[in-house]
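Below are structures written as structure tokens.
Two complexes follow with chain A in common, the first pairing it with chain B and the second with chain C.
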Partner chain A sequence: MAGMACASAVACEALVCRIRRQPLSIENWNAFYIGLIFAMLLPAGAPWWLAIAGGAVTVLLGQALFGGLGSNPFSAPALGWAVCLVCWPQFMDVDMALASLPINEPLTQLKYFGVGSLWQFDTMQLFLGNQVGAAGASQAAALVLGGVWLMSRGVLRPFIPLAFLVGVAVTAGIHWSIDPTQYASPWFHLSTGSVMLCAFFLAPESGPSPCGRLPMILFGLLAGAMVAVIRIYGVYPDGAPFAVLLANLLTPLLDRIRPRPFGVLRRNHA
Partner chain B sequence: MKSNVFSLRAELADSIVDVPVSNSLHVFIGGYEMLVKKGAKVQRGQALAVHPRPDVGLANAPVSGKVSSLDFAYLSIKAGKDGDPVEPIDLESLAPGEELNQGLHDLGISVGRIREAETLVINGLNPQPSVTIAEQLLRDEAETISLGLSLVRKAINPKRCVLAAGTGSYRLEGCTTQVVKPVYPNSLPPMVLKAVTGKEVPESTVGFSVHKLWQIGHVLRTGRAIDETVFTLNGGNYRARIGTPLVDILDFANVEIHPGDRLVLSGPMTGYSVFNVEHGIEKNVFSVNVVPKNAYPPMEDRPCINCGECVLHCPARLQPNLIARYAEYGMFERARECGLDACMECGLCSYWCPALRPMQHYIGFAKQQLHPQSGNAPTGWMH
Partner chain C sequence: MHRLWKEFSKGLWKELPPFRVLLGLCPTLAVTSSAENGLGMGLAVVFVLTLSNLIVSLLRKMIPPKVRIACFILIAASLVVTVELLMQAYVYPLYQTLGIFVPLIVVNCLILGRAEAFASKNPVLPSVADALGMGLGFTLSLTFLGGIRELLGNGTVFGVPMTWDSFQPLSIMVQAPGAFLALGLILAAMNAFSNWYSRRHEETPPRALEAITSCSSLGAEPMVVLNGDDANGNGNGANGR
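Now for the complex of A and B:
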């Protein structure tokens, strides 16, 4: 299924390059990458046509429409996910898709049955990926490993991912410390749903995230806080990709935070 | 991880090696107004051309001989016999101010920053990674530098004199030594001035490189116009007449070049490529680098992917991505509003850009469009 999403994404990218008479840009692996990330957000039992449609939306609506890699105002995989979720909610519902399994999706349990129902999960097991969830997003430990590897190689800047995790943990932690019987612990929030995927792969996507140290950190904190807020007050069990999309909206604003250039007097810096 | 690439520390060569005088020298005179014609006989030190900007020094003949060809960029001299030597100028006897500056100007030294100031900063850091000429001069040519410093001090009359160096082991008479971490871009003039004064816009402060002090010391001793430069090539340091064709220098130093390699003058980060191996070395050039064909992926006309690497590495705290985009689409005023004038042209944004955008070119283009009159001034390293 991931293969189908990627194939669809790459095919669309090739088509767009053809229409625009631009040199073929699939060899930079970007279309493949966003197709793959999109596929990781799908529930494991999703139908094949959903993967193909979603992959196409991710590339066409998420990126190509705005001018390609780096010009997209929204995280492309998150956009593909959101479109699919709104159009075909019955197929995107992780709990429904895998209803035949004996274990439950932790976030749906939290949403509809409250904190009291969480006795059935062991946070460590959740973190290691022993949970029901989207195809790749629920493998928290593996995603952290991948993210840390990318950071150690200098491919990924740590500002956004770490700020994102801090944002989730702090917002969830504040609620939890107010009333642990009503709100789940920050550890539970961090290890479920697509938080890790969003922290290390969706939020830091280059186009829709700000540049500069301070804007990056604020962006991560805001997106992370939104995850917890959507989960606690919103209608969706897992709001992580939505949180990223919302934070993307703030990027142009955050990009206006500019330090004083070298040698320019404070009073002359607008 | 990659930061050691930017270290300014390197082993010094045993000594500065003299490159023999070539038969034919090519003096770069782009932007100058000519004083001599093709076929004229010239004497070593004779004035050849003046720059329209009065603070830029004259171009003088590095050898005696005959002007064999002349176009908009190069004046070639075929070396010949010496005739009557040009009258030497005794700089010591000139009064500081107009008179001394005129003397220096006539000897080929640019005098833009020679004026009274309270603080005098000598930049003794190696200017760029892989270039060692500054420390080599401090070690081997301390006498000439001190001579130049004494004259500069007379002209500037500073209360405080500071040598900025990568280690505390270098001293100059009458200067306190201040250690600056020897990592690029700390060697750039604005960064050095800030390290010494603590201010980004220091008042009444001027800075000179040791290369410039060496030039001044050299003309002070000989009384003859500047006709040599010292530079780093491939880990060694050399001295050559101005106008020596690069190919002769490379042959002498046994450095091979291949089709597709690039010849970069004045440092791998901020320097410029020349298109002709016959290019004559200019007086402010402090290094010659041969960049192999496949050392770096070529720059391309690709869109910015908004990754922010350039923003994170810019020492001037700018948003090079925005500036380059404005420059690309001809919106130069907007580029200025983004702080273009604070850019030190350090080249770090070009170095880090994963989209391989020619950042420095866009920035230089915008600057040139906004200040066309400064376009042709010979650039250098705190010269």
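Now for the complex of A and C:
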């Protein structure tokens, strides 16, 4: 299924390059990459056409319409996910797709059965990926390993992912400390759903996220806080990609925070 | 006759209200969740627009330039109330689906725009031709947009199923974001088509911007203005004399 999403994404990219009479840009693996990330957000039992349509939406609406890689105002896989979720909620629902399993997705359990029903989940097991969830997004530990490897190689600057996780943890932690019987613990929030995928792969995408240290940190904190807010107060059980899309909207604003040019004195305001 | 045809036909493609000059976008985006809604809304606008242009054109010598906007709105409002009552009487289900957007025709830019830019400066017959052309273009655009959204979002056109059985509708298309998506894609397609067409016929490509300027400053263009004196008077009035 991941293969089909990737194939559809790459095919659309090739088509767009052809239409725009640009040299074929498949070799940079970008279309493959966003198709793969999108597939990781899908539930494992999703129908084949959902993967193909979603891959196409991801590339066409997410990137090609805005001018290709780097010009997209939104994180393309998150956009593809959001469109699919609004269009076909019954197929994007992990529990519906895997209805034969006896246990539910942890976040759905939290949403509909409350914190009291969470005793069946062990946080460590959740973190290691032993949970029902989207195809790739629920493998929290593996995603963290991948993210840390990217950071150690210097591909990924650590500000957005870390601020994102801190945002989730702090917002969920405040709620948890107010009333632990009503709100789930921050560890639970961090290890379920697509938080890790969003933190390390969706939010820091170079095009739609700000540059500069302070804007990056603010961006990550805001997105992370939005994740917890959507989960606690929103309609959807997991809103991590929605939170990333919302934060993407703030990027032009955050980019107005400029670094002080070298050699310029700090202005003293009275 | 030729001139009448010209006034009529410019609303069909060159200054197509929602897609070329982007007037009347509120109903265009809000009520086109199905082809039937689009058609109903378009017909209501045709009615109001034609009668409003007719009356404004008849009264154009009497309306004082300083309060002309209020007068135009008054005329449009009376006509919209008429339409509203007619719809309540004869097509009540449609009236209920269109909801608040029927009364909102009063503040539709299209009505006011045509009254201000055309009907208040031109005789009756060209004004009516202009209104009919614009209204027809508006109706066709809304029906087309509604048809596309209904087809993708619901699998039907005018309530008739058009797709295969296992088709899973893209329900985002009948929701609010779908309106923006469809409108943007149609605009892009129209621009691409006119670029292709003019390149083929080796003319300069028409720009949406030019269509807008020609619409708003219609008085400055001698070829459309049939009554130059009025245009000057109104032009000064527009500057808040």
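As a working rule, the second predicted complex is superposed on the first by the 263 of 270 C-alpha atoms of A that agree within 3 Å, B and C clash if a C-alpha of one lies under 4 Å from a C-alpha of the other, contacts with A are read in each partner's own complex, and residues count from 1 in each chain.
Heads up, the rule we're going with is that contacts are C-beta pairs under 8 Å (C-beta built on N, C-alpha and C of every residue); 3 or more make two chains touch, one makes a residue touch a chain.
Here the structure is a predicted model, which means the values were calculated and not measured.
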Chain C versus chain B on the shared chain A, clash or fit after superposition: fit
A:V235 touches, of chain B and chain C: first, second, both or neither? neither
Partner chain in contact with A:V86 - chain B first, chain C second, else both or neither: second
Contacts of A:G154 with chain B and chain C, given as first, second, both or neither: first
Partner chain(s) touched by A:I178 [first = chain B, second = chain C, both, neither]: neither
Greater residue coverage of chain A in the superposed arrangement, chain B or chain C: B
Smallest distance from any CA atom of chain C to any CA atom of chain B, in Å, after fitting: 21
Residues of chain A contacting chain B in one complex and chain C in the other: none
Chain A - residues contacting chain C, complex: 49, 61, 83, 86-88, 91
Chain A residues within the chain B interface of the complex: 67-71, 154, 157, 206-207, 209-213, 216, 255, 258-265
Residue ranges of chain B in contact with chain A within the complex: 1-2, 190, 200-201, 303-308, 310-312, 315-319, 321, 339, 342, 344, 355
Chain C to chain A touching residues, read off their complex: 168-172, 175, 177, 181
